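Here it is, the structure, as structure tokens.
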């Protein structure tokens, strides 16, 4: 009942799954950022996102990622000083 | 060590599990709705929910479900126009 | 391919895993409490947590746990009266 | 077993939510002990939360039944 | 199968988030039915949410690509 | 392996929470770059968050030990 895979097929499969995992992780992040930045940037519901809302959304994602890098780098520094 | 099931038993079992799954999903939804609608509807803690709080809770669940249907239907329409 | 464990090894292993499980649960709780009590107790970011912020954090954890006990005990009482 | 797990998970989730909601409502400034006023508030809050849970539950299950009736099975 | 599951989970999550965000924005006081003004608001809110999702998505993917380019790999 | 996974999950969760809390506190209006004032705030906020984590941790573990002592094992 269980299909046997050749080694080549197994490598193929595990690469495929890794890829799909990375994609799933990216999509989860997009949902998280949209949630967070929507609350920060979008006010009254209009007929289109206005220029400043769009800019705010894009800055929000970029600065959130900068914050993430800043935190990880600073923790690395602290660890290296120990 | 692993008990063998007859086909009939397997069908029975999988129907039971499906049912339990549906029940678990319904209970999760009830917790989610209570959480959301509690924040929207219940103010100061009194000796009983008053009439307007009860009505608000019930409307909150109904309108949330309407919103859900509205969204799914509208997405279907958009997809069919493509 | 699967290593066989003696009974003694199995007991050892399951005790180890139980322990690690308990530790993981405690760490999850610490994250949850820090999240909740940070919002309640920490205002402007200074050069150190001040005395009252520290006291608030510690009281926040203690009272949250008291609340938890209070709830569980009261539910027990209600159940026993039935 | 499955059924017991479900009931347990359900009770645990109810307790967690009550804990969070009632702590927020009744203990806004945690002090050196739970004051008696806070305990009174917690008891009432638990009862209100369970009432709310019942209202939500009834409303949702009615709605599910109605929709099942309308759309066939 | 995996690919389909992923697309489905993604769509489901988008619907859940829109539901929550747009219900909050458009139905602050739930009444006996969804009023037409509320429905108009929900339609617009859905479109805005998908726009926001696209902006966030574009920004994030650009950033990932830039970082991959900079750090080799 | 299990022990390493646990430490890693713990560190990851701490980073995620700091990211969320400190971004909210220090970058209320995200601009075209992280300003130096925002970075200073982030550094301090990280230190405060870790202090808070330590206070919470100490309080909770003490409490667990006390309860274990009182109720036997």
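A, B, C, D, E and F are the chain letters, set down in written order, and residue numbers restart from 1 in every chain.
Everything below uses one rule, namely that a contact is a pair of C-beta atoms (placed from the backbone, for glycine too) under 8 Å apart; a residue touches a chain by one contact, two chains touch by 3 or more.
Only a predicted model underlies this, so the values are computations on that prediction, with no experimental measurement involved.
K.L.:
Which chains, if any, touch chain B and chain D both?
P.N.:
Both-contact set = empty.
K.L.:
Among all the other chains, which ones are in touch with both chain B and chain F?
P.N.:
none
K.L.:
Which option, C-F, C-D or A-F, should count as the same interface as B-D once over half of the contact pairs match?
P.N.:
Comparing each option in C-F, C-D or A-F with B-D, the repeat is C-F.
K.L.:
Taking each chain's centre as the mean of its CA atoms, how far is chain A from chain E in angstrom?
P.N.:
14
K.L.:
Express in whole angstrom the distance between the two chain centres, defined as the mean CA positions of chain B and chain C.
P.N.:
Taking the mean C-alpha position of each chain, the two centres sit 29 Å apart.
K.L.:
Averaged over CA atoms, how far is the centre of chain A from the centre of chain D? Could you give it in whole Å?
P.N.:
33
K.L.:
Among all residues of chain B, which ones touch two or more of the remaining chains?
P.N.:
62
K.L.:
I need the residues of chain D touching at least two other chains; which ones are they?
P.N.:
Residue numbers touching two or more other chains: 26.
K.L.:
Can you list the ring's chains in order, from chain B toward chain D?
P.N.:
B, D, C, F, A, E
K.L.:
What residues of chain F sit close enough to touch chain C in their complex?
P.N.:
Chain F reaches chain C through residues 2-3, 6, 9-10, 13-14, 17, 21, 25-26, 41, 44-45, 48-49, 51-53, 55-57, 59-61, 63-64.
K.L.:
For chain C, which residues are in contact with chain D within the complex?
P.N.:
36, 40, 56, 59-60, 62-64, 66-68, 70-72, 74-75
K.L.:
Could you please specify the touching residues of chain D with respect to chain C in the complex?
P.N.:
Residue list for chain D touching chain C: 15, 18-20, 22-23, 26-27, 29-34, 39, 42-43, 46.
K.L.:
Which bits of chain B are touching chain D when the two form their complex?
P.N.:
16-17, 20, 23-24, 26-31, 33-35, 37-38, 41-42, 45-49, 53-54, 57-58, 61-62, 65
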